[in-house]
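The chains carry the letters A, B and C, assigned in the order they are written, with residues numbered from 1 in each.
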Amino acid sequence: MSREPLLPALVFWLVLALLPLWAPGWLLGQLAQHLGYGLLAMSLAYLWGQGGLLSFCQALFFGAGAYAYALAGLGRLPLLPESPALGLLLAVAVPTALAALAGLLLVTARVPTGPAWAVLTLVLGVIGERLAVASPFLGGSNGLAGLPPLALPLPGGPLELVDPLPSFLALLLVAGAVQLALARKIAAPSGSLLRAVREDPLRAAHLGIDPVAVRLRAFMLAAAVAGLGGGLFAAQFGFVAPPLLGLGLSTEVLVWVAVGGRGSPLAALVGALLVKTAEGLLGEWLGAGWPLALGLLLLLVVLLFPQGVFGGLLARLARP
Amino acid sequence: MPVDPVLLLLDATAQALTLLLVASGLAVTFGLVGVINLAHGELLMAGAYTALALDRAGLGFWAGLALAPLFVGLLGLLLDLLVVRRLRERPLDTLLATWAAALVIRQTVVALFGPASHTIQPPIEGSVLVLGAPYPAYRLLVMALALLVTGLLTWLLFATRVGLMIRGTVADRTLAAASGLAVRRLDAAAFAFGAALAGLAGAATAPLLSIDPQMGLGYLLPAFLAVLVAPAGGPVGTAVGAALVGGGESLVSAFASPVVAQLAVLGGAAVLLRRVAGRRAGRER
Amino acid sequence: MLEVRGLVAGYHAGAPVVLGVDLELAPGRVLALMGRNGAGKSTLLKAILGLARREAGSIRLDGRGIETRPTEWIVRAGIGFVPQGRGVFPGLTVEQNLRLGGLGHHRPVPPATLYARFPVLAERRDLDASSLSGGEQRQLAIARALAGAPRLLLLDEPSEGIQPSLVDALGATLAALVAAEGIGILLVEQNLELAARLADECLVLEDGRVIDRLPGAVLADEPARIERHLGL
């Protein structure tokens, strides 16, 4: 899809914004967390659907954002003050820098969508997870707990994002802004460039486009969005641990995006919200059967609905 | 602790050859059929669990070693029919679907055997003196099996009619079909054969490892790296790749912690892989 | 006997390149397909073989419909194919190429028989097919297709990219195949001379449709009639 339809997005955000009128607090709190995951889903949809770069380690950047927030929030970073606000900044900056580094390895491999790319993302995911587990600085397999919440500097004194309603509204604003920004990015000339490189990197190169640079930028942008999601998630959750950057979560986000629709960040976000909500409803009942159900769901969606459940719908709406 | 150089070399050889056995099935499905099967680690795991189940059922280890390739080969055939061949024109989706299949197989194993890890006793105990150093007899057997499988693959590929058909299909799929070869059936057969090799490798290495539902990835990545860094296609190339990755990891782990060794080898292979990938892309151009 | 009626075919759903073509090809006959680049000639051959999407129309071989059959079935039923370009398996020797050509068939023609018709291949039998010259590769491609003992042969621009002196020899080889073995040939060809030498009939394609049918003699006697269509 080359264009995100605006109307469904506005309707979607309006409906979410009206939720606090009737939804109970616990649901808002849960949705706030799921919107954090939604940012992760949108980042993958951009990278995979628009850039054709299927990543098996996207949670690595989400987790890196979460850890960056945790380290700064707890004042564990040398020379830097203990500050949640700085943490949120680092939650974007650190994954972006990591992506630039990893990108040198991944994107510059000249067959980036081939087997090498896929295996390399898996390798990155494994390395990240093992490093987090082995590192005392990152709290090892226990992770880091007791993170301070984010606080908004309001005239009447700072408002800490602890209660469900302010957390939900903050996440809503951020996720909404990111979704609209990604939609603009997709419709912009740079979005066409990314798709041109996806369709035929060689031809793009002949047209004077540098496929490596285009892909590296997409990879870094996706990492920044995922990291922002991770930072916000950690701020609400108050706790980070290696599963936040592991292959398990990386696989889950693949399911969300595949179910929602890889071509559109909005569809991917809806996929994340739906699957996470379903997990909340069915997960306990299915127990260990839930991951099995996820695997089957992913298999069926890939085989039967390659555009995702909402992606096809949105594509139809986007058509003039 | 002083390191016995003979033992060091033996360990490195053992690890390289074990990895060769593990990677040989992958070399068939990836190298020949061109399918990136991310469920390959889980097929190996299925082989290990087949050995475990038959061992527990009192049929003994050898029955498991014999039946695992059959069972896992059938599993591979099923995977090809239901998933892989439907996505032939969508390689990115093949990755995703086989990754989903991996999850399904893994969780099925959890449902059947529980999440805990298991071990089985090697069928032959004791050790053999190699160059003056005692070495576990069963490990030597696995090493021999790896060489046997590589020899068998080489023979199959280069000295039989089926091998010629497969090489033709790899060289030019459309032309193979236009020469009257049933390329889809060849794909299915090769894919199932690769799965059967995975089953064999899983069962053969089962007594050397702890068997648990998460073991698939531990197989998959080194095996994939070995196949990908292989300087040439075919069984011999796979052997070189396995020597680089497996032998390298073993040698590094003699001087550093296993985690560091794994990370070093994963990182090193990833860098090497970039070069190989670049070179291959250059050649295809 | 191959009969194509109202064939619509292409590569992407809803975007056909061949728009309703009728043709028939009998053993021992040569039918030339001519037309400009992009007229749909190659797509037509591929559609007959099941290598392009067949969207409508019928393709019958000896009265049996083959529209839904996979490529290898069609080839085994007696339609050999020499694609545009090299048409050989790179990385395999000449002899292996010839064996592969017959492996899918019930009664393959042994390489020795093929060497008798293409002596140069006998000299090169152990060389990598991709190391052969362009003309030799074209001979190998044709010999490989003959290894399946086809009754009909679909040739896509056999003279493209080979020296003029070799085109003559190629023409002689093909003419001998038709005369001696009764093979029918569907020939996509830009080289008017070669087409004129071989064809019993010529179809002119433009934008996926047959716009003219000419007897083969016209190609030789009044080349201007066809050159007009080809934009020469």
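Keep this in mind: contacts are C-beta pairs under 8 Å (C-beta built on N, C-alpha and C of every residue); 3 or more make two chains touch, one makes a residue touch a chain.
All of these numbers come straight from a predicted model, not from anything done at the bench.
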Q. Viewed as a graph of touching chains, is the assembly arranged as a line, ring, star, complete set, or other?
A. line
(Q) By Cα centroids, which chain is closest to the centre of the whole protein? (A) B
Q) From the centre of chain A, which chain's CA centre is farthest? A) C
Q. Any idea whether A-B or B-C has more C-beta pairs in contact?
A. A-B
Q) Once you find the CA centre of chain A and the CA centre of chain C, what distance in Å lies between them? A) 53
Q) In angstrom, rounded to a whole number, how far apart do the mean CA points of chain A and chain B lie? A) 33
Q.
Taking the mean of the C-alpha atoms as each chain's centre, how many Å separate chain B from chain C?
A. 43
(Q) Looking at the complex, which residues from chain B come into contact with chain A? (A) 30, 36, 38, 83, 86-87, 90-93, 95-97, 99-104, 106-108, 110-111, 115, 217, 220-221, 224-225, 228, 259, 262-263, 266-267, 269-271, 273-274, 276-278, 280-282, 285
Q) Which residues, counting only chain A, touch chain B once they are in their complex? A) 52, 54, 56, 105, 108-111, 113-116, 118-120, 122-124, 126-127, 130-131, 134, 202, 247, 251, 254-255, 258, 288-289, 291-292, 294-296, 298-299, 302-303, 306
Q) Can you name the residues of chain C that touch chain B in the complex? A) 49, 51, 70-72, 75-76, 81, 83, 87-92, 96, 99-101, 103-105, 144-145, 147-148
Q: Report the residues of chain B in contact with chain C in the complex, numbered from low to high.
A: 161, 164-165, 167-168, 171-172, 174-184
